[in-house]
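Next up is a structure, given as structure tokens.
Chain naming follows the written order as A, B, C, D, E, F and G, and within any one chain the residues start at number 1.
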Amino acid sequence: MKIQPLADRVLIEPAAAEEKTIGGIIIPDTAKEKPLQGTVVAVGKGTKDEEMVLKAGDQVLYGKYAGTELEHEGKKYLIMRQSDVVAVLA
Amino acid sequence: MKIQPLADRVLIEPAAAEEKTIGGIIIPDTAKEKPLQGTVVAVGKGTKDEEMVLKAGDQVLYGKYAGTELEHEGKKYLIMRQSDVVAVLA
Amino acid sequence: MKIQPLADRVLIEPAAAEEKTIGGIIIPDTAKEKPLQGTVVAVGKGTKDEEMVLKAGDQVLYGKYAGTELEHEGKKYLIMRQSDVVAVLA
Amino acid sequence: MKIQPLADRVLIEPAAAEEKTIGGIIIPDTAKEKPLQGTVVAVGKGTKDEEMVLKAGDQVLYGKYAGTELEHEGKKYLIMRQSDVVAVLA
Amino acid sequence: MKIQPLADRVLIEPAAAEEKTIGGIIIPDTAKEKPLQGTVVAVGKGTKDEEMVLKAGDQVLYGKYAGTELEHEGKKYLIMRQSDVVAVLA
Amino acid sequence: MKIQPLADRVLIEPAAAEEKTIGGIIIPDTAKEKPLQGTVVAVGKGTKDEEMVLKAGDQVLYGKYAGTELEHEGKKYLIMRQSDVVAVLA
Amino acid sequence: MKIQPLADRVLIEPAAAEEKTIGGIIIPDTAKEKPLQGTVVAVGKGTKDEEMVLKAGDQVLYGKYAGTELEHEGKKYLIMRQSDVVAVLA
């Protein structure tokens, strides 16, 4: 059974070690909001206001407090709106 | 007598045991807002801004504080806007 | 003299006993906002953003704090926007 | 010299005795916001978002805190947006 | 050198005695917000959302806290958006 | 190196003596927000919602707390949205 | 691996010494919000509401609290919406 995000939401599997992420991006420890990194697992179909540009497999950065946590078959996921994703690693 | 949601609302029957839901999704106990699971019983006709993509029988995840509770013929239901539903299980 | 709601408002006569409503819906006593039940008496003509789907005679559910109370010829009414009505009983 | 409301505003002469209004509508004394009654004296030309449906002579109900008070040739008036008027008596 | 309001703003010269205005309108001393009176001196060109209906010479009523004060060649003026003007005297 | 404002922003050089400005406008010392005066140095290209009507050389009035200060080659400037400019002197 | 901003976001490398920036702009120490300077490294594809006018290599000024910090291959970056950039140096 798969989790299919609705509308402009994306399902993300956070990177294992959030402080030392894949791709060599180290997130500094400051007072500012820090983006975290993960892998897109599934995307919604978008809305008329928000076309989906992300796809499964994309490595993305997102805000620390973005999205909603859930756990499925032993893995932790985040589900958030595409607009809460700030960048993709390419 | 049936409950027919208006506009972009959906009527949901919450899963019996909310902490151990069907489909194998276990919701962890954290400080973040946690989605809960249920079954769509009826949907509104949508609005010009929100087309309905959910249908009766869909297994869905929704935010913990989403919707309004009601009780009908001994069963508890939630009525909420489709946009408060974050994902469908497929 | 009749009360004609303006724009997208509806005039509702609340069900006599609000805790034990017609149609067999019992509203549980919880901390969440509870919908109440009533009968639509008159509807506005709608606006360009909100087409009227309710009509006189509809049994409806609405939020506890929705609308404005008034009294006319010994009966109590509520006047509220159609969007504050969450469901119709059919 | 006449007061001509601008845009989607209406000029209203409140009913003399607000607690016991014409048309037989008695407003109950509760904690909820109570509509008051008056007579439309003049209306604006409307805006592209708000067409005027009220006209001079209409008996209307409006929210207790709606509008701005003014006094002209010994009479008290209220000026408010048409959208603050909840119903017309017909 | 003239002050030309931008967009949907109007330049107003407040009536000399604000409590006893021209046109015979006496503003009562109540807790509600009271409109004040003045003469339009100059108007902006409007915006695509707000067409100008006021013109120089119009006697207008406006909210007590509307606009920004300025002084030019010994006279006090107010500059405010047209939508803060509630009525014109005709 | 020139500062080119983006979108609907304008770069303004404030008048030297802000309390006694050119053009004879004296800003009174009251509790209300007071507009200040300056000269437009550069303007952005506008947006689809905001066409630019100001041009370099315009003498303008703007709100006391509008914009962001910066210093370039020994001169102080303000950068603000065109909509924060209330009037032009002509 | 490159950081590709999403939607209307831009990736900026802040100027090395923020108090004494390239281009000769010295930011004064006042109570007002001060713009900082940096170089655009990458830009998103824009949205239907926000066309991208910035490009890689642009020297830009932005608000002190704009954007989100991140670190990549030993360099610090900021990622922010284009609308948080107030000016470009040309």
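In this section, a contact is a pair of C-beta atoms (placed from the backbone, for glycine too) under 8 Å apart; a residue touches a chain by one contact, two chains touch by 3 or more.
Computed from a predicted structure; not experimentally measured.
Asks: Touching both chain C and chain F: give me those chains, sorted by label.
Replies: none
Asks: Using mean C-alpha positions as chain centres, tell me how far chain D is from chain G in Å, no decimals.
Replies: It comes to 52 Å between the two C-alpha centres.
Asks: Please report how many Å separate the Cα centroid of chain E from that of chain F, as a whole number.
Replies: Spacing between the chain centres: roughly 23 Å.
Asks: Can you give the whole-Å distance between the Cα centres of chain A and chain C?
Replies: The answer is 42 Å.
Asks: Mark out which residues of chain C touch at least two other chains, giving numbers and ranges.
Replies: none
Asks: Answer with line, ring, star, complete or other to describe the graph linking chains that touch.
Replies: ring
Asks: With touch defined as at the start, can you tell me which chain D residues reach chain C in the complex?
Replies: So the residues of chain D touching chain C come out as 23-28, 30, 32-35, 53-54, 59, 61, 63, 82-83, 85-90.
Asks: Any idea which chain A residues touch chain B in the complex?
Replies: 1-7, 9, 11, 45, 68-73, 76, 79
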